[in-house]
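All chains are identified by letter, namely A, B, C, D and E, in their written order; residue positions are counted from 1 within each chain.
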């Protein structure tokens, strides 16, 4: 066994990053900044999706595996477990900011406002256990406009979709006490009722980070889009946010937690690579620094984490404190 | 009877017209596609600029041009703090928020200017720097109200210039700074690997199958595999590349080597199939002639059949390569869908290719990327049309008639 | 690839039947090539049925017979060109100067250099006239230098009666010649490797009368230097160029003898019918 | 595509030369087809040189001559099949019952229905036997109903002597028949559109002797009902089936006359040489 | 001596061997019977025979050596005193060693890790020691094998036959790559597929009609992994809509070009049409999504189909159809050209017009070939990913409405593999199952196409 190759082919001089397409643009901006003066080699940044990235990240330690994983959701216990069986014992978790899930429509569309329950009733497969029959928004609530439900949202494989189910649908779903009770008695049934999205055409799977979605909303002014906040911000000239529970999806509303759809974004760092791959800790530091209220990531559409979280993250980055499986509940 | 004849002739004319219409429609689609792409894309080659006057002696306090000559020039520019020099000049001219008008890395073009002609650091010079992508979009087309306001404010100063950076830079976050050179080079290297692997293997396999293969199970199996591989969805080749080259052989991820290997597997069947047709088209009388004077089967093939079939094989190869050049899906699986800011310099360096770059840019949030995407498409189409023209040239030049 | 193809019954079949019965003759000198009890099958179909024949050095042998009777098939067995047809199978014994040409140790490449072939359609290589002729000597290493090669090319073209017509344009493509010239080029190409036997399969059927006359004249001149076998549909041609004639019918050798005998006084009824145009 | 192709010199060339000099005869009845001073060019190359000939209703006319002499070319001019070769160009005058077949108002589609053609290689369509025969009547609208069509098919097959062999398998593919049957099927197909002239280009050269005999017999039977022109390489065949023979050489009509005269007492030296096998 | 220089040296020595082999054979060359040489093969072949013997074994040895020697070198370097300070085990140790090695080889100049510098010297020593061994052994092999082969040169050595046998092996190996690739594809899909089927029943997967992957099974045990809508979408876009566009256009283009067009027009038009097949699919995708889809939607709305969505099966299908026009037309072209011209002449001689001949004789006769070509085009269309990703959306609808959004198998594969789900969840593994099923489907399509084409070829032979 040749130890110089470490089983994975030696060392390398540039950082390798994989993972979520949601974090990708932010990571890209950081990577560019990180190498701007030629001080560091430009990191190689792949958009593989969180899951695909995890499987690469957790494949082992060494030059052949990535150093950082971008994630639009938290690492799963099973994934952490796999990491550890493959020798990736120390994984550092850093929350780099927040992504809002904006509900939006074209500027030309009839303005209206929604609540989580209404959204849940509109897009769930079996709202409160009954097959969804609502065809128009007014079928759900007479106060809503009288046009067909047509929602462009993330596909079931996406992290944005997970956030949508957890942050909006489940919130709407647990307003019913009977359903809420299921959570403890019959977890499977609960998840099925609260998380499953209808498949009869009212909810349309669309890519998440896709310019086309704006075109589609513009083309169908009466349809509703659900996507990342950064996307809304970049296209404010053609789409506008729909208030949820009366709160508009604005930076402040999401940052303060007032707006319901907000999810944290993470990066995971392989601690065993720190000090071996040149520039790794500097890159992570840059990422954390860039995520402040007036950092360039916020200009690019990221929402800065609350100060408390940021303080904690600074500590984690300084000490490179590994994530403990117990923290994942 | 006469009426019947007239009707038959009318049908004849109709049929012929339909045929003509079909051709015209197909060619029309192509023309339409090209016109749309060129129409969308040509603006990607230009950038909107504002003039900035830099009084070098004043802001730098006087530096000698000689230090920017030679190998250390770049390093010395780094150390003199050029971004600040440029920013302060901008602020002088456009006020406190002036820097917000300009693309953040506009100073790199100043740096390039200094390197090209170090003397300018002794004078007061006016440089044209690219504006931000919002203003660029607003100036060329229509943008946010805010940027439209800026455009009308500076309308007499704004101008468009050719965006050389687009040809020499690589991927970036700012649409004003992106370029296709990195992806172009990646495509070039990947294609080279593909060609070097797929061409010999494809030609040898075609010769074997057409000239020597005995009629047996193995030959049938090879034949079916090749025909099937030519039709297997490309994404599946990506999965194969992932499983075999990356996971099994442990080759470096995202490299042109793996991309080239994967595409070679995809291209090889196309070359084999077209190669077999070309070999088949060589008249058997040539083979008999050679055999008849005592050439061995191998001599027959390498002295006579292969040279005669080569133009046909080459055209097939170019068609296959053209397809590989435009392929995206398999490369997503092997790590070439990546942000890579440095052009690759070897087959194992991380690289991306033109179609992947197009795909990535088409997914970008920033509106400035729309025209860059189309511009990259134009480059890719030019690449392809060149290859196609080469194929046609070869076909016409070397076509042998018997 | 077919090096290992060999005769299934070679050992026991030699001299099993008396050649006289089928008309094989050996009166003038020792035969150059001998065939005994040759059967050829294409898949299940038998194309040649128990043919025995001798080919002599000093005479031109003509094969005649109606279409599909197996003339070409038999001819192609004589230099193993049939090896290239995967479904062709041959039994019996064919010898060139006593060597079994289907024996495993026989090198088919060398055999074909010794037994040359000229085809129905002229098939020059799409190369220069010079390279057409020089190809054979090159692959067989017959010339050690440029001069020797030049010499071979020149003498072959001269013997084929083509030298005067092409000597000024040896670098032109062989395919640019007229049909008759192409056929003579092919004959010159065959001669260039210094063969012992030349097989010709309807060499004139694609040519006009004048070119045909030239080729017939050439055959006359080559007689004695090579054993020549010619397949033809044209009985007058057979009568003109050959000294011996073999008449094939439905895969069997009906009659073999002196050309004059066959044409004036055939022994078999079938031969007479064919000669007089009753069929075919 | 070539509908507008027409004769360049049609008007002035009629009757310019005396047919008698080239042997065109008109002794038995008015000729069905007449050709005067026909020249055919393939690109720059002249394939037919000033040929004049008459074809009669009550006799079979044979065209003989060495390969490439223009027999097929001339035959194909007679129903304008040469129109399909883009580089072919024709001058002179060919008339069918007095109508100039190259006149602009002549409809080539109807012409070909009146002048049928049978080719060297049997070329049945890959359809059923029934559909092969019914094809012509259908496109020309010769039958108004199913019965009438059935009737045409049956009578055509009967006249071609094929009915008894295929009547139980009219729905089998035409390509499944043997070579000789296929050729008779093609003849039946030509008969089905009720032509006035039937042109046959070496109809037996791909057939075995037995099938050849059947076709020759059929030609005998059809004589008198149609004007028949047959191209053949086989002089015995010409002698057997035809009443008149035309001998072509290098694109010119050397001699045209009664078959018996041509074969026993040719006027021209060239004809004699060819007949006796001096060349070709 | 680095391995590259060694390789060049060996090749150079091989050329020398070629020269000597040739020389000896040429010396043996005397005239035997007639002008024929007594040599069985040309001197050249003898040269190659010796050269191959000299090069091939040594090269194989060098390949093996390059696998073995690195660990020998590292072991030797680790035995040096400097190695004592290295961290124990782990990536850090490996990285230091590999950095030191890179510096020792001269691939890298500066060390990122200061410890590496101390290991450079031991590495240099070990490297030169083992390289020496390797070089000496390789050169010895070149000489031994070369001389052995050289000694075997005799007039009756069948050098040409031997060289040809080697070449033939190379040819065979080249064609075996196709089989290896096929097996590779199968193997790279089958394990993950098996894992997927241990979670989701194959019956549900293959025959389920709802594609809406769920984390947990629903009340009636439905998992949402019914692949039928995906296959329907694939067929709808690739085999129905695309073909409705491509078959008439392709077929009529081929007919016009082969039967009516003047040669000049044809020689221009054919390559122009072929460009359609060469345009990258991303470009088509972009075109479909931004130009065709909105136009079609506006059209649909204007004729009163208000439910039309801007990502429609029609947009993707039409663009895909345009893309495969050349596939259909060139296949049709070939098979129409393969119909013997005697068929055409036969029909024309009956008094049929050109179009009647084409419609009633040529097309029916060429039909099997055309069908074979269409099947191949279909398998290309159903494998197409990018156009659908960009233009047809992701909604797995079982609908025959061309204005609604559908999705295809390959699109879903991309989506599943680049999604955010954990990699061992059925949602990710389903991609492999889809891939395998698709692979099998194209295999079957191809077998059918081959059969059809073969049968039709036989019809004329």
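As a convention for this text, contacts are C-beta pairs under 8 Å (C-beta built on N, C-alpha and C of every residue); 3 or more make two chains touch, one makes a residue touch a chain.
All values derive from a computational prediction rather than experimental measurement.
**Student:** Determine the set of chains touching subunit C that also touch subunit E.
**Tutor:** Both subunit C and subunit E are touched by B, D, going by the contact rule given at the top.
**Student:** Along the shortest chain of touching chains, how many steps lie between subunit D and subunit E?
**Tutor:** 1
**Student:** Spelling it out: a chain qualifies if it touches subunit B and also touches subunit C; which chains qualify?
**Tutor:** Output, common partners of subunit B and subunit C: D, E.
**Student:** Which chain, with its centre taken as the mean C-alpha position, is closest to the global C-alpha centre?
**Tutor:** E
**Student:** Using only the C-alpha atoms, find the rotation that maps subunit C onto subunit D and quote its angle between 0 and 180 degrees, to the nearest 5.
**Tutor:** To bring subunit C onto subunit D, one rotates by 175 degrees.
**Student:** Find the two chains joined by the most C-beta pairs in contact, please.
**Tutor:** So the chains sharing the most C-beta contacts are B-E.
**Student:** Between subunit A and subunit B, what is the separation of their C-alpha centroids in Å?
**Tutor:** Those two chain centres are 32 Å apart.
**Student:** Averaging over Cα atoms per chain, report the distance between subunit A and subunit D in Å.
**Tutor:** 83
**Student:** Report the inter-centroid distance (CA atoms only) between subunit B and subunit D in whole Å.
**Tutor:** From the centre of subunit B to the centre of subunit D is 61 Å.
**Student:** Rounded to the nearest whole Å, what is the centre-to-centre distance of subunit A and subunit E, using the mean of the C-alpha atoms as each centre?
**Tutor:** 35
**Student:** Where in subunit A do residues touch two or more other chains at once?
**Tutor:** 8-9, 21, 47-48, 207
**Student:** Two-or-more-chain contact residues of subunit D, please, as numbers and ranges.
**Tutor:** Where subunit D meets two or more other chains at a single residue, that happens at 109-110, 139-140.
**Student:** What positions in subunit E touch 2 or more of the other chains?
**Tutor:** In subunit E, the residues touching two or more other chains are 160, 168, 260, 353-354, 356, 390, 417-418.
**Student:** If we use the touch criterion from the header, which chain pairs count as touching?
**Tutor:** A-B, A-E, B-C, B-D, B-E, C-D, C-E, D-E
**Student:** Please output the residues of subunit C touching subunit B within their complex, sorted ascending.
**Tutor:** 1, 79, 81, 84, 86, 109-114, 116-119, 121, 123-126, 135-136, 139-140, 175, 186, 189-190, 192-193
**Student:** Spell out the residues on subunit E that touch subunit A in their complex, using ranges where they run on.
**Tutor:** 70-71, 73-74, 77-78, 90-95, 97-102, 112-113, 210-219, 224, 289-290, 294, 297, 307, 309-311, 389-390, 393-397, 399, 404-405, 407, 415-425, 427-428
**Student:** Quick one: in the complex, what on subunit B touches subunit D?
**Tutor:** The touching residues are 1, 4-5, 8.
**Student:** Which bits of subunit A are touching subunit B when the two form their complex?
**Tutor:** The contact residues of subunit A facing subunit B are 8-9, 14, 16, 21, 24-25, 27-29, 31-32, 35-38, 41-42, 44-48, 64, 207, 209-211, 230-231, 234-237, 300-301.
**Student:** Spell out the residues on subunit B that touch subunit C in their complex, using ranges where they run on.
**Tutor:** Per the stated touch rule, the residues are 212, 214-215, 283, 285-297, 299, 303-304, 308, 400, 402.
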